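Two complexes are shown next, each including chain A; its partner changes from chain B in the first to chain C in the second.
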Partner chain A sequence: MKNKLPIILILIVIITLFIASFAIPFFFENNIYEQNAALKYAKPSELYILGNDYLGRDMFVRICYAIRNSFIIVICSIPISMLFGIIYGAYAGYSSVTVEKIMTSIMNIFESTPEFLLAILIMVVISGLDIKFFDGGIFGIIATVIILSWVKIARIIKNETKKIANNDYVLYSELKNARFGHIFIFHILPGIRRIAITTTAQKISSVIFLEAFLSYIGIGIQPPNPSLGIMIYEGAKYIRTYPHLLLFPAATLFIVILLFNILGELLKFENKIENL
Partner chain B sequence: MIKRIIYNLVIFIISIFIISTITFFLFELVPGNIYDTDLIKSANIIANIKEKYGLDEHISTRYFLMLKSTFSFDFGNSFIYDGLSVNEIIAKYFPISAILGLTSLISSFIVGVFIGYISSNSKSIKNIFFIIIILLISLPTFIIAVFLQYYFCVKFNLFPILWSANWINFILPIIALSIYPTTFIARLLSESIAGIKSSDYVFAAKARGLNEIRIWFSYILKNAITPVISYMGPLTASLLTGSFIVETIFNIPGLGRYFIYSINNRDYPVVMGLTLFYAVILISTNFIANVFVSVNNYKGKRIENR
Partner chain C sequence: MNNKLSVTNLSVKYENYKNYILEDVNFDLAGNEVVSIIGESGCGKTTLAKAIAGLLPASAIKNGEILIDGTDVLSLKKSDLSKVRGKKIGLTFQDSFASLNPTLKIWSQMKYVLKEKYKQENYKFIYNKACSVLKLVGLIDCHRILQSYPAELSGGTNQKINFALSIIQEPDVLILDEPTSSLDILSQEEILKIIQYLCSYKKMTIIFITHNILLAARISDKIIIMRNGHNIESCSRNSFNTFDFKNEYAISLYNDALLHRNNNSKNTSPITKLIEFSNVSKTFSGKKVINNTSFAIARGESFGLIGRTGSGKSTICKLICGIYKADCGTIKIDNKTRIEMVFQNPNSSINPYRSIQDSLNENCIISKSKRYSESFLLEYIKSFGLPEDTLHKIPSQLSGGQKQKIAIIRALLNQPDIIIFDEPTSSLDVTSQKNILNIIKEIQTKYLLTYIFISHNPNVIEYMCDRHVVVGH
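Up next is the complex of A and B:
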């Protein structure tokens, strides 16, 4: 509780990035897809501050829009998988031995599926199903993230809940015939609050990485919708002649992931959590 | 111990069953077929193809055939390469992926433990390594691989860019693959060493006047290595399976690249076989790591209960 300044600073940077990534594409909507043959591979200039890509599109606006896409995925997937993971983990940690064993076995089965392969399979299926909530493959990534990430959260929460459930105040509530809902809200939730927040911050960077990864191998966000993964893939082709096509998206992805990693580390330090 | 092995075996079989079922029905949902090309127009030919590959049967029949082939680990032949069986594909492409994955595993373990050990010794070194590690963890593997290839193959011309199955071809992919696990292991180890160093039994050992080296190896390192070992299970699997990006960038003819290729081509038996093959690797490495942990350490009990 002593030094919250670094966390606040990082949060301010992230919120600024968040607002900018939504505001800039909103004001320059035409520049996202507009191609300009005269400006192919153009170097950074006053008008286009990060240059133009291989179709003459404005790199700066496209990078902002790509970050916006990443943020949309984070916002839509993380709360759902957190909520499910917390409730599942808390219930598994609190309930009797048999129920806990069954629930743990379900988690074990989920964990024994190779993560990236499952992601690829789900992505291939969902992109084929033609669901149109979000354009260009975003829905598929959201579903993949939710399916993959709740297990890890549930496992951490389960271990934490088990420690809390041994306390006397929980026993006292049980003697007063309190239901699971009551114990969950008044005893378990306050106890797991810190670890849940820290896990969320650490999950965000891995979600952004997963999006870039899937888009990089060509099954995530679909072009012309911009994504940092696609831009890195395209830019790598021109690394010898026009390095700015690769450098700017790669640096952006690095900085965004770094921001969330630093936030996670600071929260971990602040809350004194070891080995997460 | 025996009880745990039996439990793990049951989980193993149930997992294989569930994974194969999920894969089967996911692939039923995927639009597009092997006969979905512009070249084939006639209904007769399509019917013939369907009959040859057994696609004309009812879905339930095919499901049970698939289960049977899963548990005998014989998935028949590839749709795309006629006559090449799935087991032959694994035998042909997996060794390269395995060499790549295992070498990265060993090198990242050694380097990671070394860095973790050094950084636990003094505060300033720990802070420096902490900054380096958090910077490296934020770099995705594909960015590292692209830049490594550009600078060392093209610009400085130190390594050949074409694949020739030579040892020199393995160096850059191994570096690209092992950066993330190295940093992860180093961080894990330095954290757990810091926790154990201040514990009571280390203090007691010092008070008894045991020499420094013995305290380090049999009191601190032996216990601190536990989280690293339990991380080795998933790590082995992810290095053996997750190397397809590095394989694509460095043009390595490994199994991961083949997997993506067969998904895109709807090569159903190959996808089925490779998914299960990967799942078997993942489950068995997890199991081995669990056994190691429980043999090594009293803390194994805690991890077992997880």
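Up next is the complex of A and C:
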């Protein structure tokens, strides 16, 4: 690994953010929802370092809690959708022409539908089902992310698998009547490991953005549960008079997405070097 | 300034590598001549070709200079290099599959280069030019080839297409990196004729990189011998039209190759039939690959399959292994017969992400039986003359010959009755070739094996096999 240091630095920052976003709301649980009429629109002060919102709630704790919500969504959705995407893609890439065609058409249907439109549709259906595993719409977003994000990795893995399946070492295993399970674990998985990790890192930032977007248009996380999307929406109303209400959540969203994008790019660059 | 190409004190080192790949390489080419560069695999031939074509990665450390018509290739910027490439320097790579785009038909790939060359958009004109170039390199069936994807054509055909692509631009200096390595002997002759034609009529300077010294001696005006990154000998044709090598290594290389060619064959008659083919035919997308083929293989013999590239040798193997089913005719093989295979390309026959120990144990993993113990595997490793730490290495740390040995060990571990060798030596240099062939011969008597040996090289078949059939027309 050539870019070890930058990758480790970015990972340290992300892990710190992760721990902080769980620890801070835990210690200041009251501050998340507590309203204080005296502190409406208050500017940053020593006690409330990012100020207070239009109901006098502590912005700092709410932003931390919003990041925590984002992380919960990422943790619950990404592993499931990636695992499904990898197995689906590998199977499609390895199977016979007919099976591959059918599986590819299914992926095409998902890919040709506009992502946000489909997300809105799924959210509306899921909120109608009235399932309550998590508070305030988080379950809906997790389900949406799982349904939407497996396709991209499945397509990448399918193409990588086709390359691997062309090699004589796979032919050799087939001569020995090896099943798909063996070929997947023994040959395909080591070959796609890198690209799967890179794609996952890149996918995380788009999941965080999707959550913010859905909450922004009002069908994601439901108030009073904080989300960066909701805070940006509320802050935008006061942009002329109290700009910090918009500035802090927007900047946080920007930084979090940037961190994961940089991580993805670094890993991608690493792959390119290894493949030279 | 009389020299077309002159290389002075060239040293190249890749990043993160301890040793120099090339060290103090010097030679001059007068122009309008054929020069061969010869050496074992890994001695830096391809790196030298890449350096001349300005294709080294930017991170590589390079010293010295390469002058082509007075311009130093090493100091040129990327934008200026692209003007030099194609028109001044042409390059054909060794790996023909990797250098053609698998997602485009041959026609689409040739069209682009031809349009650039003739500044013409006329479809008919370009199409006729494409056909004539393909016919020049010996691909008569040009209409079918132009409408095919690279994967639908054989390795030899792809190599010829690559060759055709690089001569369209008629560059001043044409570098051919092993252009004949995956071709049968008849196609090799064709390529050699074209090289001579290009040199004498089109006034090109041709750098011919190969590990086959006999081939080089036939067509070159000058032979440069490389070893471990140095050019140890540079020898021009003498007045008797032969080469006087002075360096010991060069002489032994030449004698090895001669000896290899002159080895005699032996004869035995089949006793018990292990495999029997009767009137087998196989058709792929309308083209009959195997037509009414019949033969029988006896236990304990070495059976050779010889034929041009694309004549269906590999298809016969896959029929024997049961990967393909025959369209008509019968194939009789005893169910208990264990068949093992050693493939042509050592780079793709062993999983590059797994350690050698894992790869050797793969059979146990598939059949869910106990793995081989390390000491058991070590015995094999040692008896093949491989270093002891080989088991814990990954394939990229081994040379082509070593990988091929591992593939043979993997086949032997299963105690097979038949081993099919699909061109096991075609991608190796002469010294490793001889080494591998001798090992293959030795283990046949030791383990009482039956061999099916596929090759396009009559010398190898003659050396290895008791009997052979010619596949194809």
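Throughout what follows, the second predicted complex is superposed on the first by the 272 of 276 C-alpha atoms of A that agree within 3 Å, B and C clash if a C-alpha of one lies under 4 Å from a C-alpha of the other, contacts with A are read in each partner's own complex, and residues count from 1 in each chain.
Operating definition for what follows: a contact is a pair of C-beta atoms (placed from the backbone, for glycine too) under 8 Å apart; a residue touches a chain by one contact, two chains touch by 3 or more.
Keep in mind it's a predicted model, so treat the numbers as computed, not measured.
Partners chain B and chain C, once the complexes are superposed on chain A, run into each other and clash. Of the two partner chains, chain C is the only one touched by A:173; chain B is not. When the shared chain is aligned, chain B comes close enough to touch A:254, but chain C does not. When the two structures are aligned on the shared chain, A:27 is found in touch with neither chain B nor chain C. In the superposition on chain A, A:112 makes contact with chain B only, while chain C stays out of contact range. In the superposed model, A:121 lies in contact with chain B only, and not with chain C. By the touch criterion defined above, A:216 reaches chain B but does not reach chain C.
Shared-chain residue A:236: touches chain B; no touch with chain C. Legend: residue contacts after superposition of the two complexes on their common chain; A:269 is shown touching neither chain B nor chain C.
Measured by the number of chain A residues touched, the leading partner among chain B and chain C is B. In the superposition on chain A, the residues of chain A contacted by chain B and by chain C do not overlap at all. Interface of chain A with chain B (complex): residues 104-105, 108-109, 111-117, 120-122, 124-125, 128-129, 155, 158-159, 205, 209, 212-213, 216-217, 232, 236, 239-240, 246, 250, 253-254, 257-258, 261-262, 265, 274-275. Here chain A touches chain C in the complex through residues 166-169, 171-178, 182, 186-187, 190-191, 193, 276, going by the rule given at the top.
Contact residues of chain C toward chain A in the complex are 57, 321, 323, 339, 341, 343-345, 348-351, 353-354, 358-359, 362-363, 365-367, 410.
Across the complex, chain A is touched by residues 11-12, 14-15, 18-19, 22-23, 26-27, 29-32, 134-135, 137-140, 142-143, 146, 150, 154, 188, 191-192, 195, 227, 237-238, 241-242, 244-245, 248, 259-260, 263, 271, 275, 278-279, 282-283, 286, 306 of chain B.
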